[in-house]
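First subunit A sits with subunit B, and in the next complex the same chain sits with subunit C.
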Partner chain A sequence: MRLQEAFSAAVLDSQQPCPRGLVSRNGHVESRFAVYRNNVQKGLINALAFSYPVVARLVGEYFFQEMARLFIKKSPPDSPIMSTYGVRFADFIGDFEPARSLPYLADTARLERLCVAAYHAADAWAVDPQVLARMLKVPESLGQLHLQLHPGVATLDSPYAVADLWAAHQNEELSQGLDLSLPQSTVVLRYGLSVEVFAVRPGYTAFIRHLQSGHALGPAAEHALHVDPYFDLSQALALLITHDAITDLSPAPEISP
Partner chain B sequence: MMHSSTASLIAPRISQLPPRAGLGLKAEHFKDVLESLPDVGFFEVHAENYMVAGGPFHHYLGLIRERYPLSIHGVGLSIGSDTPLNIEHLQRLQTLLARYRPRVFSEHLAWSSHGPHFLNDLLPLRYDLSTLQRVCAHIDQVQNTLQRQILLENPATYVEFDQTHFDEASFIHEVITRSGCGLLLDVNNVYVSCVNHDRDPLAYINALPLHAVGELHLAGFAEDIDQSGQRLLIDSHGAPVDQAVWALYQQVLECVGPVATLIERDNQLPVFSELLAQAELADCYLLTTRERT
Partner chain C sequence: MNNKTTRTFSAAALALALGSALTVAALPAQAAGDMEKCFGVALKGQNDCAAGAGTTCAGTSKTDYQGDAWKLVPKGTCDKTASHTSSTGFGQLAAFTAKS
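Now for the complex of A and B:
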């Protein structure tokens, strides 16, 4: 095994032996090699804790570190861009036996990942409100309108009230009074420079996902009504418009090359 | 096309940072900087933090870049890697440098990736001939792609390797002579490594190609002991600059004259005014040096 290969395996996995070929002035290489092992593991644990602060608070520091350590061993980063590290963390948490007693933990991680992605998403500017108003005033063509949403807009449907849980943790409130067993749909977006999280009716997320996959306004609204008979199109549009989330409007579908 | 080292293209010592103290720019301090516009010589950012599509990081860096000289410091190129450089990463870097046009771009004499995996730490190299050739080839590739001289930072290390052909300072000397890159002299790393390996810091510094120094780094370390009870210093970037490192910095300035100096702090981040006070202290050292020379 080449030196860097052995070094790399041994820093990621504390059970692996210290690589051969190391020396120190007093012959004690293990405690010195341990500095690298500690730096690598701590650095990656901190990167995960930075992206998943609510998950970290829910399970406590010790549990989070041990869970993260196992994740790191299984899925080390494949990019030097640390803000993208952990896209598979939520799936890992979902399969992590010791976290079974917190069934909402994996979806909490999914929501936090969407927040990080929204924070760093590409910049795009809201469509001119006058153009928007003009287009929305023509009811006969309204259904064929295609809306381009801001790249930071994302949705999550969970069997647990993770948006409420997330919100409680932003304000340092205790989450003990929350009924987490209720299903909840969530919209994440970046408004100006801030990421915002909204607990919404399931029709909203169905509507947004349909728009994002290229459907026109009419079919997207029909789909949302099918999912949620109480879906209110004007309220859903109001949420998007008031948060600068509609970045383009076109009467015909965009033709991709 | 055969292409050789970029050494001949690039004159030594072309750092365009002012000979002042600068600060590492952290997201926590974006607003402090823009609201107070402190008298700081330059700001430095980690390249990889800004390899994102949009959002607040680019918003604030764009505004700060309009008001201050900028230096970009990479932590992810893995120049010492025994596998090829990540081309995609190098291209992202090229895009970032084209966008922000920093006065200086620097990287490390270390490796941080193996195969597909990035380890997020600066790992040590065996200083032998094959490492020398590899490091120089990688620096050539980087300098040719970016079309600019880079500065290479000396590492903080905790172990050494058997079968080395060079001591670290001679290795750095060779790399700089062959590749034409400049030197980012991290004074804290010199102190940390010299304590850890029982070397004389001044002798180490004097063996470096000091004519190529384009920037200095100062940071704080953490202290541990190894199995035999000997001091083991760790480059933590989590504490104020130690008194011993300030003293060494003074000696470095006497050798190299006033050179742009960064106060690095990445962990246990204090309030902005505390970092500013460290920069002001470094500025005092720089000013005294200027007066003397």
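Now for the complex of A and C:
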């Protein structure tokens, strides 16, 4: 057990010496171990760079590598599934002193994590709009209607315009005049096989989170209106319906005749 | 129901919102034949979709007549609709950069 602990600690920290007890078939055990260690770390750094391309682009390759190396030491993977590695990267960035000058960096990482999660979210099929339309015949039950959303649907409220920042980095040419100091709410979802990111009014994210936490349509809409007096329920529903994001309805019992 | 403010949704308001959302959702299928995407003619926040690289989102354009935001218009009318930002003076069928 001690050997394994020493080995895994040494693999993740280049400052540590080669663990005792290793043997090598070819060459010096120290240099063989150094190669192995480098491969492990580089693999994890690449996994992070792949999940957080905008963060990597914002800080540059060298900064990102060193930041990722420190993160790996602190939060080694606890699962072999590399697409889920780095769930705590955004929090780490938020506490990372050298990144203090980019206060929006942590939320940018949060947005990228939501995109990865949406991409890998389980499949779910949209409710037929005709079923939704049938609900219109019993308008008094609509307030109690529960909408199940696609598992890839996620929200982020940031004091920075990270959705605009993210969008600007999806193309080679960067748009001018990005005002990052504006707060921005974002909805992330997967439509078909593509992950889509929407900059929205704060009422949308409040509405979606309320639906996700099990509130019915009526209370969720009222909550959203409380958060954002300009909340437009019709547009918020249209966003969800047109992107196949409503996957199930659970009507209140009094609907049945 | 007695002391609620006006910031609630009545059954009728919910039905109206859902109904118009369903109408919007049904739109592109019907629109494909006789509508076209027209860039540079939507007023701020009134675009149907595509504002800013990546964020394809209705109602997010930041300026009037934004060149990368489009609105569905009846076919054939796009290049007859005035656009202050367009080099032709009218809407265009593809995204463009506003003239300076």
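The rule we apply is simple: the second predicted complex is superposed on the first by the 238 of 257 C-alpha atoms of A that agree within 3 Å, B and C clash if a C-alpha of one lies under 4 Å from a C-alpha of the other, contacts with A are read in each partner's own complex, and residues count from 1 in each chain.
By our rule, a residue touches a chain if its C-beta (ideal position, glycine included) is under 8 Å from a C-beta of that chain, and two chains touch if they have at least 3 such contacts.
None of the values given here were measured: they were computed from a predicted structure.
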_Clash or fit: subunit B against subunit C, after overlaying the two structures on subunit A?_
fit
*asked:* If we overlay the two complexes on their shared chain A, which of subunit B and subunit C does A:Glu222 touch? Say first, second, both or neither.
replied: second
*Determine, under the contact definition given at the top, whether A:Tyr36 touches first (subunit B), second (subunit C), both, or neither.*
first
*Using the touch definition from the top, say if A:Ala106 reaches subunit B (first), subunit C (second), both or neither.*
neither
*Please work out whether A:Asp78 is in contact with subunit B alone, subunit C alone, both, or neither, and reply first, second, both or neither.*
first
*Return first, second, both or neither, reflecting whether A:Ala167 touches subunit B, subunit C, both chains, or no partner chain.*
second
*So, does A:Val59 touch the first partner subunit B, the second partner subunit C, both, or neither?*
neither
*Just subunit B (first), just subunit C (second), both, or neither: which does A:Ala199 touch?*
second
*Is A:Tyr119 in contact with subunit B, with subunit C, with both, or with neither (first, second, both, neither)?*
first
_CA minimum distance (subunit B, subunit C), superposed complexes, angstrom_ = 20
*subunit A residues contacted in one complex by subunit B, in the other by subunit C*: none
_Touching residues of subunit A toward subunit C in the complex: what are they?_
129, 132-133, 135-136, 139-140, 142-143, 163-164, 166-168, 170-171, 175, 196-200, 217-218, 221-222, 225-226, 229, 233-239, 241-242
*Touching subunit A in the complex: which residues of subunit B?*
48-49, 51-59, 75-78, 81-83, 86, 89, 111-121, 123-124, 126, 158-163, 196-198, 224, 226-228, 230, 232, 234
*Sites on subunit C touched by subunit A in the complex*: 7-9, 11-22, 24-26, 28, 52-60
_Contact set on subunit A toward subunit B in their complex_ = 2-5, 7-8, 11-12, 21-33, 35-36, 39-40, 43-44, 47, 76-83, 119-124, 151-152, 190, 193
